[in-house]
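See the structures that follow.
Next, two complexes with subunit A in common: one pairs it with subunit B, the other with subunit C.
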Partner chain A sequence: MELIFIALGLYALGTCSLLLPARGELLAHRAGTFLAAGASFLVFLAAVDYLLGWGRFSLPQAGLIPFASLGQFSLAADLWSGFFLALTGLSGTAVSIYALGYAAHYQGQRLSLLTGLWNLFILSMVLVLIAGDGFTFLVAWEVMALASFMLVYHENEKKATVQAAYQYMVMTHLGTAAIMASFYLLGSASESLVFADLAKNGLTENLRHVAFAFAFIGFALKSGLMPLHVWLPNAHPAAPSHVSALMSGVMLKVAVYGFGRFVFQFLGAEVFAYGLVVMLVGLVSAFLGVLYATMEKDIKRILAYSSVENMGIIFTAFGAGMLLFSLGQTMLSLVAFGAVLVHSFSHSIMKSLMFMSAGAVMHATGTKNIEQLGALLKKMPWTGAFTLVGCMALSSLPFTSGILGEWLTLQSLMSLADSAGTQGLRLLVLVGFILMGLTGALALGCFVRYFGVAFLGRRRSGAVLNAHEATCSMKIGMGLEAAFIVFLGLFPGELVSAAMHALGTDFGSLRGSVWGVFWLRSMTDVAVYSPALLLVLAVVLLAVLALPLMGSKVFAQRDITWNCGTLPTRRQQYTATGLSKPLRRAFTSILRPRRERIFLTKEHAYFGRRLEYRLSLPEHFERLLYQPAEHLLVRLADGLRVVQQGSVRLYIGYTMLAMVLVLIWGWAK
Partner chain B sequence: MNEIGFLLGVKLLQILPLLLLAPLVAGIINKVKAILQKRQGASIFQEYFDLYKWWRRETILTPYTSYIFILAPVLYLLTSLMGAAMVGYLDGSFAMGDAFIFVCILALGRFFMTLGSMDSATAFGGMGSSREIYISVLVEPAVMLAVLLNASRYGSTTLSRMAIDYGDIYFTLPTVLACVAFFLIMLAENCRLPVDNPDTHLELTMIHECMTLEYSGRLLSYIHLGSMVRLVVFLVLWGNLYLPLAIPLAVKVLLGALLIGLIETLVNKMRLFKVRIYLSAAVVLLMVAFMAEAW
Partner chain C sequence: MMNELVIFLILAVLLQTRIMDLRRSVYCLAFQSGLLACACLIVGLVHGGVHLVPALLTLLIKVVFIPGAILRLIGKLTDEREIVSDINVNYSTLAAAFFLVVGYVLIDGIGAAPASRDVIAASIFMILTGLSLMVMRKRAIMQMCGLITMENGIYLLGLFVTEGLPLIVELGVFLDVLIAVVVLVILTSRMSLSFMTTDTTVMKKLKG
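== the complex of A and B ==
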């Protein structure tokens, strides 16, 4: 039984909800999200079944579905797409359940359209993953881009949203153009667009480099790698939260899928320089992404920049795998590719959890400025606990799934240093370790800041006063993802074996077992991480340490904080901006913040002055890269105006000239 | 099942000596400092008395705090003890002692400690968190490089494997450089001079003490015990990785304690923003060591 076709049908049915009239939009919304959740669950089920080899359902195997007027679309899934289908299905299910409650507050704001597009968005992502030829892939890719554009555009009453949506649209089409160009090169060399034929392309060496460059640019843009990330921190905050959850959680991974398909199936990873470029871009994105995340004040922009970071880690692992492969270390490269898959999966669940929680916070307080939150853990205990899990995972702490991918990435970098032997590669690994170290510590700082400022301490503004806990369906959606984070963090065995299976190997160098012990073979030794054993140890210790704190007497007394003899006020707490100040100062040469201090009245020199302080982080990428490109484009257009004067006589002259040229050409022939 | 139970038993046994002796090491450092400064100083068992004192006193919470505030000291001590279990100085079993995981376990303690200090909603708590994060970001590249150097040298990221005697590597240039660099890391990670001053309660200088300011009673004793155990864990690691295996571990730990006492007498606390330079020195030393390794 091809479960996935039922799922596709359900999505299509859900998409129809956008046709329903505004009167019944709440009903349409409920039906639509219910369909999306059910269909996503079917996708998850089919993919997991396929990956773990239970053999109850099957995925389409290079089957052709003829459409009379549209030519032929072919669908084909393999293990690589199966893995990404699983993460799409899982996050799709959880976020759809969440959307049931969350999106309901869009009632009166084109709710049925939102739900319909939601279904179309997930449908298009699934279609990208099971596309069997370049044409289907590109059509599905374009539908995905347009559906997500319209979802970002949903709150178009706000000016910032419109700007962000159009920026996203332009950027994503640049990416699509690059991917199309790569497909064109491959397709013309193999005279077919079916993936199986593209694999046998006879590209010359130079054209292969060009095709790789186009593919990398296209997919790097979609996955938000620096310096092509500029759309991402704008589009994610603009979109409704459940949309950003899926865009960050799944759509970015679809780009990883596409890049993997190009590298593994079409272009090959043998060329050393490919891996080098991918790894360096990944490292820079990881470091700069998290550095910017630590500086942001908008909670959704923090999460967006953190996505840049995590995509950077994924591509670092990808690059390391390609380098190892090009050096002939096939077994070791599998560890790195395993890291790509494991981190993709865990990032998809933790980032969609975090965006859902950000949505719940925004819904409860009406603000996404972290400086106006605080003390939310008491008002929203469930959301707070789930967010804590998400923050721990994103800081790659043990007992969460976040650590797995990072650990494997570091291990594969390590084996790169071991296998290389040359000083150049050792230097590369050295730089990699420094940047990964900075990234890891900054991520921890970033999410301590996120959780500490938003959920702990005392409230920082009146917005928190009326905050309320998220509704039931939102809690279920978040809880599902949080449960997966903890479960996979403790028992990574199945995830690891699914990843190894997706790479087409049966437990070559990376293995997980029931006891949660999971090990990999490096150059000379094995490395082991056993979260379940560590957990047993931790639980024993926790019991010993918690026992003296039990009993009613220990915490009997509560008293106000000692504040050097004065009463503490809420405003004495560190702000998020203040918290990241030492880091801003340490990395000032990279961030180049702009500070402005204005003394409003000239009274006493030290006391009672009113002053204004402004801090901004200019967008250096836009200033240095995008604005010059834009100016160049405008100048070129200006240049073209010479031939486009708008005078009828001139155009008749052009026609004449063209005719004369054609005549001369014909005569010469 | 039996094997796992045995393994856990050994690990728990390993924790005990470090847990019991950690206050003594802290007391020795204080005594060394006192002697070098020509003071009488407190007894080397003073830390035990202090811990007992805090243990008996009542614990006061501020009204704004949540459960994170209580959880933080418990997890801080817990992760220090898990670190003690992972350094593996008694047995060669490697199921738990991966170097990266060790770093992450300690990071777990730091994560909750910084959150706990923010939970008290004072200026000091935030200041402590902010500075702790800053220091940890700067120290992390050096930590990673130290792991890289050792792991590529021994072909394993398992801590207990790294501590096996490899003969004549101890007096080579990379080892000496890495030994110095690791000592610098240790001072920064454990909030000692010149990065942080464990003796003062002056807001301009303190980092770790800022975070503990709102804690009292048993929770405070947990934090202090946690940082003492953490220091000893680092000393054990330093001794095992960089000093010849022939010297008994206790001597190496004592040597480290003497060195810390000496350094704390000789150097001043650095300005917070100068720490960057100090830790770059550790990074550069490790880079040179790593590149020299393959020459």
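== the complex of A and C ==
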């Protein structure tokens, strides 16, 4: 019996919890989350076993499973899907354990429905990953979209939630439509929709470009790349936190999986322009994503924009890999694709962790406005510690898994600059390099702000007073992910080996061992990232620095200086808005913030005045891209209203016209 | 024998385009359906056996029941004539004449067997004229007459192209027409109650 089928069965069983009556909903919730956690663990186990080649369990191989009434489904897994199954399983397990405690506060608010849909959501994501043909893929994809829509829609008493959920629904269906169009194009040029047949498609060059464009639009939309990201910062704050954790941690990666399948198996990465487009979109998303993240005040919106950034990094690496491949540097392209996988994995665990911690904070304080938090570290030491790990990982600091993917991405950009044939490309890669550097720096700033304002300093509002530590299961869920981040940060070897194995090469130019990640550009040219060595170095350095201080006594006297005769109060500490002010100034031309200052009373130019200050960042993408599109659509619809006059005779007239045309057509033939 | 029937049918349909009075229009429709029943009977006699059933059904439903139901409905209505028609009757006759030509041109283009040439042309003529009657008339009853005319045309075409449809299909077609007419009669009487007229142009009010 294949392990993964047992997992699928458990998920299905867990989905049944939505049928249970409201009276036993807490019981249903516990059973459902246990099932989801167990099943996810089985998925993780099966995938890791498959990836590392232990050979104890097996994943489904290609083969049709006929369902008389529903058509034919087929399940097949390969190494590429195995890697993504592993990250789905891991985050699924951790977040399900977290949900056991966290979602319990939804008791009385359709809790059993939430848990049932939760199982369905993970089930559908696993199914997308092991789908063996286009039809199964699309069905699972659509179930995934609808289940996640229902989960986002869960708190439908709030108006903002309803709006966000519907926006998500519209956007995700646009994406599905694009992917479907791509599948149809491929399928029409192949024998069947089975992936193996699609790989042997006979598309002409032009149609292949169209198919690629559709696939990229569809998957970019799902992974929240700019400018198709608009649903993401709205849907995440609206959804329950464990749902955002999984949506951001895993669902976005499922889109990467789909894109990879299209590129590697169906369309090929030989065309230079494909890689260029992917890399540019990735770069723009990475940079703008983190810039917007730094500006936000809602903790979940910060995290959502940070997801845009990280997906941007992943697609930058993807594009760099495609470019390297099209330039004939197969070995080097593997480094970039390795970066895609490694960063997908680490982003999946760190973003799940961060959303879980955001959920814990929201649960404890009842607010998600970062300006009302502060000094949470004392009240929630565990959550604070885990969040610190997550923040470090998201700012890609050493000893966390976050740095790995970015390091590899930067390495592949460098090798792309090396092997670029033309001056133009070299210049572009240079710009890309700068943007990536800027992204890294901004991400660091963003998460220093996040952690500093929310967890350090003094409290910024009364909401913090009643804060309490997260429950045990929530701590276990977060702790699991945090442990993985640190472990992979210290010993990245296995992850890199698994990623290289998933790409189908065992020799590769990229290698991982206990000592770190080695990357051979040629026989003599070696780049090494070794956290173990770094750790030793850091310890030695600290020891050397600490030694002189050991013996001597340090006197420190604390006093308040330069405080104009007053004691510093809570209100004098940095606000989140204030902290990001320099960036707002520096990037005014991009952000175009709208400031409004109103004097309520003004007795004198310098004192005795009360003022109100409003700051907003207009949604430029909505204004420049979505609103014109909407207007166009409405105008077109208005044009079509001419046809729709409400007259019975006119409608019959249309029928008649159609019939006459058919007759003429038949006659002309 | 068939040719004469076809000539009479064409005449009946042309007459249909001239009539503005509701009752007369229904009588004309019954006459037209009667001719169709005769055609059915002839085909049935040639093939024998169960093929006589459709002729009987045509007689029963299209000559007796449907006109009867419509006539009863007219009895309840207050205004019996299509008084104001924004499209002149002459235009509908002209259109009908045009459709007759179109029918023959089409049939020659397709190249049917010479034996059934007239019948097929006539049926195309009937279908198109029925449709044009529905478009050009305002009153619900007149539009129903147009519908039945079109239906007769389709039936005639089916009869000659396939030389007698399977019985089950025939029964299905009749049931279809029957239900359509029943629904239309009900709706028309509702309309007359709500709007005090059966002029379908008032339906424009329903548009959102």
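Just so we're on the same page, the second predicted complex is superposed on the first by the 627 of 669 C-alpha atoms of A that agree within 3 Å, B and C clash if a C-alpha of one lies under 4 Å from a C-alpha of the other, contacts with A are read in each partner's own complex, and residues count from 1 in each chain.
We adopt the following convention: a residue touches a chain if its C-beta (ideal position, glycine included) is under 8 Å from a C-beta of that chain, and two chains touch if they have at least 3 such contacts.
Worth saying up front: this structure is predicted, and the values here are computed from it rather than measured.
After overlaying the two complexes on the shared chain, residue contacts for A:335 are found with neither subunit B nor subunit C. By the touch criterion defined above, A:537 reaches subunit B but does not reach subunit C.
In the superposed model, A:251 makes contact with neither subunit B nor subunit C. Of the two partner chains placed around the shared chain by superposition, subunit C is the only one that A:649 touches, whereas subunit B remains out of contact. Once chain A of one complex is fitted onto chain A of the other, the partner contacts of A:500 are absent, as it touches neither subunit B nor subunit C.
One of subunit B and subunit C touches more residues of subunit A, and that partner is B. By the touch criterion defined above, A:313 lies against neither subunit B nor subunit C after alignment on the C-alpha atoms of chain A. Once the two complexes are laid over each other on the shared chain, residue contacts for A:660 go to subunit C alone; subunit B is not touched. After overlaying the two complexes on the shared chain, residue contacts for A:416 are found with neither subunit B nor subunit C. Shared contact residues on subunit A (touching subunit B in one structure, subunit C in the other): none found.
The part of subunit A that touches subunit B in the complex is made up of residues 375, 377-378, 388, 392, 395-399, 403, 407, 410-411, 414, 417-418, 421, 423, 426-427, 429-430, 433-438, 440-442, 444-445, 448-449, 451-453, 456-458, 515, 517, 522-530, 533-534, 536-538, 540-542, 545-546, 548-549, 554-563, 568, 570, 572-574, 578-583, 585-586.
Contacts from subunit A toward subunit C in the complex involve residues 644-650, 652-653, 655-656, 659-660, 663, 666-668. Touching subunit A in their complex are the following residues of subunit C: 102, 105-106, 109-110, 124, 127-128, 131-132, 134-138, 143, 200-201, 203-207.
Note for the complex: subunit B touches subunit A at residues 4, 7-8, 11-12, 15, 55, 58-64, 66, 68, 70, 74, 77-78, 81-82, 85, 94-96, 98, 100-101, 104-105, 107-108, 110-111, 114-115, 118-123, 125-127, 129-131, 133-134, 136-145, 147-148, 151-152, 154-158, 161, 213-214, 217-219, 222, 272-273, 276, 283, 287, 290-291, 294-295.
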